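For reference, the structures are reproduced in the following blocks.
You will see two complexes here that share chain A, one where it goes with chain B and one where it goes with chain C.
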Partner chain A sequence: MTAVACELCPRRCVIPEGGAGDCRIRVNLGGKLRATTYGRPSAIHIDPMEKKPLFHFHPGTSVFSIATAGCNLHCLNCQNWQLSQRGGEEMEQIYRADPPEVVKAAKEQGCKSLAYTYSDPVVFYEYVYDTSAIARRAGLNNTYHTAGYINPKPLRRLCKLLDASNTDLKAFDDGFYRRVTGATLQPVLDALVTLREEGVWLEVTNLLIPTLNDDLAMIRRMATWMRDELGADTPLHLSRFQPQYRMRNLPPTPVEALDRARREALDAGLRYVYIGNVPGHEANSTYCPTDGTLLIRRVGFMVVENKLTADGRCPTCNQTIPGVWK
Partner chain B sequence: MRDLHALKSLALTHPRVRHWHRREARFVGLVALTALVIALQLSEGLRMAGREGTGWRTVDTAAIQRGIDAGDLRDREADWYHPATPVERKQVVEGP
Partner chain C sequence: MKKVHVHAEQRIGRRRFLAWLGGLGAAGATFPVLPREGRPRELSLREADFYRPHELAG
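And then the complex of A and B:
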């Protein structure tokens, strides 16, 4: 038996021949670890950048989004479980799209950016890396939506090719991570700091689940940590939970709870705190933190008004708004 | 003495203790069997839940090989791994 040890994520799976990693798609065949979904995505869509969500990165543009099966987390509330909690051999829909074909298709569709998303791009790392390299040479941006459960070395290598990342911080509580996601908190915090250090444009999403991670004291600790470690200008998306997959016993997050959490995060010093999954909410939009001017008005994933100056400043007070605007 | 008399009269007037009938034994057996099935289901669920996140999974390698042969999957060698050291090999938990 030739077992192999995967070094990609903090699970560090030791996989016997004929087995797969916890992610289901990195398989030991003949004593070598195989990336079985390389070039074989099961989801390809063109999305607005706001859907990632990335609100301070090329707003209003389209992003060519891909994902393969598999994930190294097992969130009880996963919204993409049909994709993430399956191996490649279990998928009904598989596209044959090697990295050059992905980049070519993105350009043909008029997309300025690629997104590695839906499941977790950590587990199809090689596909992301090779596609990102070609996309970078072709002048496209690489964006990443991840849970951030990855080891520092592979992440640092990938960061050289990434332009932006929305990384989930699912709770500021290791117990929550263990119970609800099967992962742990510290590697995610480390990944967030690494992304910031490597100069990748970073936004953070926190899905607020009633009774599990909506405690205001926890929100305060999370926001304070973000302010101190990532910077007060790091956008935070507080997202509304909808019951699904194995977590149907809890109600959707009340909008009032999201409002209270947003207030807490703003009070802790974060300057850009958004509310997600509540179409039409005023906190979908971007405001100047200095004078409160409405800068980018959004309805759902649509940018309906963008008042930022060409160089990304508030038109009223000339305050620079952090982001990658063009 | 009065208590003994009372007990005797109670024994005479109280209906006899019912003994188990066969159909009742069958019913209890059915309840016990149902409880056993539920317990087995729960323990299997807990065992599978416990396997998640413990390092590796059993997969249908024949199906994966068929997928690779058909071109639906790939056998691209992954980055970021090494042959397990003897210490690491000890961590491999045999699958079900």
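And then the complex of A and C:
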């Protein structure tokens, strides 16, 4: 009986033969580590890029989005728990979709980008890596929506193939991470810095949960850290919580609390702070940080108007707006 | 004698009917249960509806 150590994420599971890691899908088969969901996604959809959310990366385009079962976090408020908190064999259906087939389908559907999303793509790493390599050769972009709970070495290797990432920063508090997600904060901060260092276009999402992570002093510390370590141009998406899964005892985040948090983050020096899960809110849209011109007007995930110049500048003051626009 | 012959034919018919009914019941019970309790239903990529509305976040 040979146990194997999975070095992919900070959990560093030691998996006995025939057993599975914490994520449920990385298993020890005959002394070799395998991901059971390789080439077997359970969710495939074409979404707007804004849904990831990526607001400064090819706005208004469609993204071919895939996910398999499994996750290395166990958030009490998980929005996709039917997918993330199950093993592949527990899903009602799965698709046979090896990497070349995924890329071929994305191209046939006219998508410029792929997204590895919904659950956490960290756990189906090999599938992401192989698909990303083929996608890049085919001229497609690779985007990654993750909680960032991954070790530096595999992340750096993957970054060579990634074009953009929306990474969750669930709270600027290790106690919150331990209590609510079963993970820890520092590896997530390290992953954010790695993504920035490797030149992956980076946006950050913070889901604001009433009483748990909506303290303004914490928001200020988080925004200050982002400004100093990731840069003031890193977009931050403050997202509204809805009661889900094992956290149904708390109410949805009041819009006023999101507004206060946004002001705090802007005051700390971040230039692009959005409010998510509140369709129609003015902070769904992008404004020039210099003169306040409305640049990209969005309603929910839909781009209604895009006034950016072809080279990504404000048409009024010529300020360069950071992002990947074409 | 004639009555006994008729009765025997009826018994054979009833057995066939019960066997058919049992088979139908077993098949009906097995089809919806097996894919859930056993392996997931495997579909090809061509069977996917990429534009089906969904509620997954991200």
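Operating definition for what follows: the second predicted complex is superposed on the first by the 326 of 326 C-alpha atoms of A that agree within 3 Å, B and C clash if a C-alpha of one lies under 4 Å from a C-alpha of the other, contacts with A are read in each partner's own complex, and residues count from 1 in each chain.
As a convention for this text, a contact is a pair of C-beta atoms (placed from the backbone, for glycine too) under 8 Å apart; a residue touches a chain by one contact, two chains touch by 3 or more.
Nothing here was measured: the structure is a model prediction, and the numbers come from that model.
Aligning the two structures on chain A places chain B and chain C next to each other without any clash. An angle of 60 degrees, to the nearest 10, separates chain B from chain C at the C-alpha centre of chain A in the overlay. For chain A, the partner touching the most residues, choosing from chain B and chain C, is B.
Once chain A of one complex is fitted onto chain A of the other, the partner contacts of A:G39 are limited to chain B, with no touch recorded for chain C. Once the two complexes are laid over each other on the shared chain, residue contacts for A:D22 go to chain B alone; chain C is not touched. Of the two partner chains, both chain B and chain C are touched by A:R96.
Within the superposed three-chain model, A:V14 lies in touch with chain B and out of touch with chain C [touch as defined at top].
In the superposition on chain A, A:G88 makes contact with both chain B and chain C. Applying the stated contact rule after C-alpha superposition, one finds that A:G182 touches chain B and leaves chain C untouched. Once the two complexes are laid over each other on the shared chain, residue contacts for A:Y125 go to chain B alone; chain C is not touched.
Per the superposed model, the minimal spacing between any CA atom of chain B and any CA atom of chain C is 6 Å. Annotation: chain A residues 88-89, 94, 96 touch chain B in one complex and chain C in the other.
Across the interface of their complex, chain B is touched by residues 1-8, 11-16, 18-22, 24, 26-27, 29, 31-40, 74, 87-89, 94, 96, 125-126, 129, 151, 153-154, 182-183 of chain A.
Listing the residues of chain C that touch chain A in their complex gives 35-36, 39-45, 47-48, 50-52, 54, 56-58. Residues 42-46, 51-52, 64, 67, 79-80, 83, 88-97, 101-102, 105, 109, 117-118, 145, 166 of chain A are the ones touching chain C in the complex. Chain B meets chain A in the complex at residues 52-61, 63-68, 71-85, 88-89, 91-92, 95.
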